[in-house]
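First chain written, first letter: the chains are A, B, C and D, and each begins at residue 1.
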Amino acid sequence: MNNLEKRILMNLLKIRLVEKQISERYAEQLMRCPVHLSLGQEACAVGVCQSLNIADQVYSSHRCHSHYLAKSGNLKAMLCELHGKRSGCCGGRGGSMHLMDVSVGMMLSIPIVASIIPVAVGAALSFKLKKKKNIVVVFFGDAALEEGVYHEAANFASIHNLPIIFVCENNKYSCFTNIENRQPNDDFTRFAKCHKIKSHKMSGNKVMEIFYKTKDIISSIKKNPSPFFLQLDTYRNVEHCGPNNDDYLNYRNNNEISYWLQNDPINLYTEFLKKKKKLSDKTLDKIILKLNKEIDEAFLFAKNDKFPKIDTLDKFIYAQK
Amino acid sequence: MNNLEKRILMNLLKIRLVEKQISERYAEQLMRCPVHLSLGQEACAVGVCQSLNIADQVYSSHRCHSHYLAKSGNLKAMLCELHGKRSGCCGGRGGSMHLMDVSVGMMLSIPIVASIIPVAVGAALSFKLKKKKNIVVVFFGDAALEEGVYHEAANFASIHNLPIIFVCENNKYSCFTNIENRQPNDDFTRFAKCHKIKSHKMSGNKVMEIFYKTKDIISSIKKNPSPFFLQLDTYRNVEHCGPNNDDYLNYRNNNEISYWLQNDPINLYTEFLKKKKKLSDKTLDKIILKLNKEIDEAFLFAKNDKFPKIDTLDKFIYAQK
Amino acid sequence: MHKNKRIITASEAILESTEQYLDKFKNFIVIGEGVNDPKGIFGTTLNLFKKFGNTRIIESPVSENGITGISIGLSMNHFKVLLVHQRVEFALLSLEQIFNNAAKSFYVSNGTHKVPIVIRMIIGRGWGQGPAHSQSLETIFSHIPGLKVLMPSSPYDAKGMLWSALEDPNPVLIIEHRWFHYVRGYVPKKNYKVNIDKPALLIKGNNITIVANSYNVTEVIFSSKILNKFGIYPEIIDLRVLRPLNIQLIIQSLRKTKNLLIVETGYKQYGIGTEIIAQISENKLVDKIKSISRIGLPDHPTPSSRSLAKKYYRSSKEIIYEVVKQLNLNLELKKKIISYYKKKLPSTKVDVPNPEFKGPF
Amino acid sequence: MHKNKRIITASEAILESTEQYLDKFKNFIVIGEGVNDPKGIFGTTLNLFKKFGNTRIIESPVSENGITGISIGLSMNHFKVLLVHQRVEFALLSLEQIFNNAAKSFYVSNGTHKVPIVIRMIIGRGWGQGPAHSQSLETIFSHIPGLKVLMPSSPYDAKGMLWSALEDPNPVLIIEHRWFHYVRGYVPKKNYKVNIDKPALLIKGNNITIVANSYNVTEVIFSSKILNKFGIYPEIIDLRVLRPLNIQLIIQSLRKTKNLLIVETGYKQYGIGTEIIAQISENKLVDKIKSISRIGLPDHPTPSSRSLAKKYYRSSKEIIYEVVKQLNLNLELKKKIISYYKKKLPSTKVDVPNPEFKGPF
């Protein structure tokens, strides 16, 4: 493995293992907030964020764990946030759907569907006005494209040639509702084309391909600022909100489920590395062990961290100059 | 002239003459409400509405005079509304931007840009659910396509195959702002295609062409319910809001203005009829005289009509069963 | 009182009313995000599409503004529409449609267009769902003429008020507190209407008038039982109908008790209580009022952390403390009540109404 | 008082403040529909783009929700943004962004994200513009913690309050009455701040405290001058700042006058006056209040017809009648005042603030 491949592997595994542990520990009822896990969708975050600088900004939605971690967000601060503790990235005020770590450019996550998209476009406008060479990435799901505000924001980004990548993680569902019942089809590049925005649609489970594609996009944007729309087709492995599998409810069909499980992004990548003899089972185990240790520690930290001081409840309502 | 040609001529002229008289009489300050005149855009309304039945419904926006008249809305009720009088189509409560005449299927006009579009889609849904063979037409301007709600409504119409024609009268301006400063270009069929809606873009000043195209669209919808998007390129001859010409403000360039004045929809049509020897100057004058008489009478009616009774002010706040 | 009578939850009552109205009226449509999914809006639309099909129970794209306009167009064309939002916040995207096209069309059209739409919106609370999924925005809707705004507090009212709303020719908004869905009570099987134009007297009393709505009624009743042990008998009024607001019952009660406490689900500032107080003060409707007070959410967003949420939300504790303060009880009695209250304190945590509540969200 | 001093209109004052702030702060952006068109939002942004270019004065597509989110993103990234809506109603499309992302981000991010955006919104009135272009929705914004809500009434305040808002690190909404733009008064050339955290005492008096805001202040002053002739001296308070609400000055005044009249630009029901009255009543801040009253819009949409609008809007007439009623004047005096008023009645029509007003809209 070269450095890049290793970094990607570490990132993928870290997200996977963090999400798994959240899922497993959720029943202890210490993380008392809704969680929208990224299990199955890790490659999107990692593939895209790998090429970003620290000054490039990421904006996300309710399903933000993977983006936060892929943009090098602080793990302890994330888990503290999920536990409602004072060292949480929002001091416990936001919970799982508001992850942010401004120090690494993970700017903001917002749980109202599509509400983050214009905010991210505003950030891209700030880069342009300040003549910065950085770019903005905004992640959202397939349902966000049903909100009118996506179009309002995309049109604006288009006419002002803003340096932003719209990344749509298409997992085909909005909660329990399949895309078939919500839109004419799931080729969302039509929503880029209609605003004269360049676009590309590809698998969201093949991390290296996403990485290379994103790299190209970014270098093209840096040369010639303009928005780009990237559709990543992927799948979530567990329920929409919560730690469990809910396929007993039969809203997703079995062929679909098994197709995507066979194309699990972590497996695809580790198999690829193994096939190229760049990764052995032993090394993989070692990495997992090491990561799990870090994660265990972070959970322990979160468990032991204090709750926010009760007298901070009414702090930060208004900013002082 | 055959009957159809004559009807179309009468309709075109009627709108033109009504709008002209409004424009001329506005300074008398008896019509005390904002007016968005349809001068220059008459062919869109007439071409489209000519093929509609009385049970087909029309919905419109702030610039609704032409649609109201083309759908056979009562002229006296319109002018009374502009005068704030009790026989107004809304009893004087709405003013010029709320024209409606339910008895002829002119259902509703709404001045908030694009706000009417989903309402019209809802009406189309009602037809589908009741298995009626009628269709809905919704008229709006080019700026309405910048509002997200257009997309939300169009997507819904598309997935439910609703019998509706979205008619965009593209006059290139939103108030003083050219389309160039608001969108990447002015081919709006891209906003139909992105929702998998059939579409067509054509001149909005050639009334017969619009008529034939709409006829085709309607018969195809009646056979096979599904939405259609019709872009009509046209131009307004006077200011955005008000009775005057405001080209001294220099927001529209002279070439553009003179191009469109040369292609005035009324002239185009009368010239066409004259060339085909279907219309003489004398007949034309006679028609104009007759129409102006009707219009004069309507203005007189409106002038003499009473104001709404002051004690009706708080009527119709809530409906009784 | 209702021995051997059928006891169900408010969410079951809502489902039943909806189903019965679907049976009754062919041109009645239910629409919303999640209405025909396997959880059916916290059970309130569960499986309806199996019986009525997905042309009557219409699953919506995630397009709140669009779908509201569509529902308005449908209801102007002789349909009755029930539109459901899993959270009040999602309706924020559609206020232009609600305020202009739903609320005003009847007036502006001089009585021509009716918009008989019912919009159910759910207030989130608990399990750390945080600032954007927990707002209680009833004031905002109640400010707008042309709308009716309801907040039921019992399963009986949940069913009957929904029925009345569905029979009403005006746009009616029903705001349901997430925790109110769990409230259990007697509900007749057969459909019925209850009035949607005034508050209801729930429990007679004499020392103080407490006005509350939705889930807070449960908290007030709990508090009242404790106060009863000490000879304090609050008169409890369920506000129920925020618009049109009718304060007659409150006035009558206040003439007797001379003390008024209003318990709000939303922000206290510029909240629902203000209009009640303003009408009373303005018209001098009651002589010799001794005290007036409001309990509502403090002036900031809802924090997710349960440690903060605990102090953010108001419950029986604040109610009892406030009553004690308003009635100016002597120190000894005060202490007794509070120590008794602490023993009786509901054992459930602040972020869950009952042990089963861990979602859905 | 300000003899030989510069007299300009409120809209000129707004323009001047904006221009001076553009001069001062490079990362200050003005955005909105019409900001660089030839009418420049009723003159308030006129020709700014010629001096500052269209990357600082940004003409917006007709996309209120999008543009609000974009402005929020910009202001989270160290820009100061002034967003302008020609009508309050257009902002209804963007309430989700304002209530959630603008109002809450500072709190939710535990103090990390500031959103220093200023949103100007104009209330329409007159010339029959009708129900969807004339709403005065300040209550709705004032209900939301995290926002600041201002309504200036004088050109002096228009300039200074805008400057203070632009210097403020929080989201500030400025609601301007269309007719207020025509109000003329003394305005210093140099930029200056005025406080945006409390009301102002405009005219000292003794019989009654009248609280008003925005254009209504003009109506109240006019009324007051008439009342003065008859020995009635209202104390006039310009509310100015609806959130954060500070009623100290009102309390002080009321301790003297014992009579309170609140004159609102918006709907009376669930309006701004309610919170003032509720705070006063709740905390028994004033002993022996004699009368409390509100004047506001009646409970229905604005009709377009001037014959109806005349009775819909409240003006000096209603103010004078109400004061006469509250002060319980004897019949003779009452008659005198009213007949005098009728003579003095402003000769302009109800639908225009001055003869020049025939648009733009």
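For the reader, a short list of remarks on this structure follows.
Keep in mind that, in the parts below, a contact is a pair of C-beta atoms (placed from the backbone, for glycine too) under 8 Å apart; a residue touches a chain by one contact, two chains touch by 3 or more.
Because the structure is a prediction, the values reported are computed rather than measured.
Counted as hops between touching chains, the shortest connection from chain C to chain D is 1.
Averaging C-alpha coordinates per chain places the centre of chain B 36 Å away from that of chain D. Note: centroid distance chain B to chain C, computed from Cα atoms, is 43 Å.
In chain C, the residues that touch at least two other chains are 61, 63, 65-66, 89, 93, 96, 100, 107-108, 130-132, 145-146, 299-301. Shared contact sites, meaning residues of chain B that touch two or more other chains, fall at 90-91, 93-94, 98, 110, 112, 146-149, 151-152, 155, 159, 181-183, 317. The touch graph of these protein chains is complete, with an edge between every pair of chains. Touching chain B in their complex are the following residues of chain A: 146-152, 155, 158-159, 181-185, 190-191, 193-196. Those residues of chain C whose C-beta lies close enough to touch chain D in the complex are 65, 89, 92-93, 95-96, 99-100, 103-104, 107-108, 130-132, 135, 137, 139-140, 142-146, 243, 245, 267, 269-275, 277-278, 280-282, 284, 289, 291-294, 299-301. The part of chain A that touches chain D in the complex is made up of residues 59, 90-91, 93-94, 98, 100, 102, 107-108, 110, 112, 115, 117-127, 129-130, 148-149, 151-153, 155-156, 159, 315-321.
The residues of chain C lying in touch with chain A in their complex are 33-34, 37-39, 59, 61-66, 89-90, 93, 127-133, 298-301, 303-308, 310-312, 351, 358-361. Of all residues in chain D, those touching chain A in their complex are 27, 29, 55, 60-61, 63, 65-79, 96-97, 100-101, 105-114, 116, 145-146, 148, 167-170, 244.
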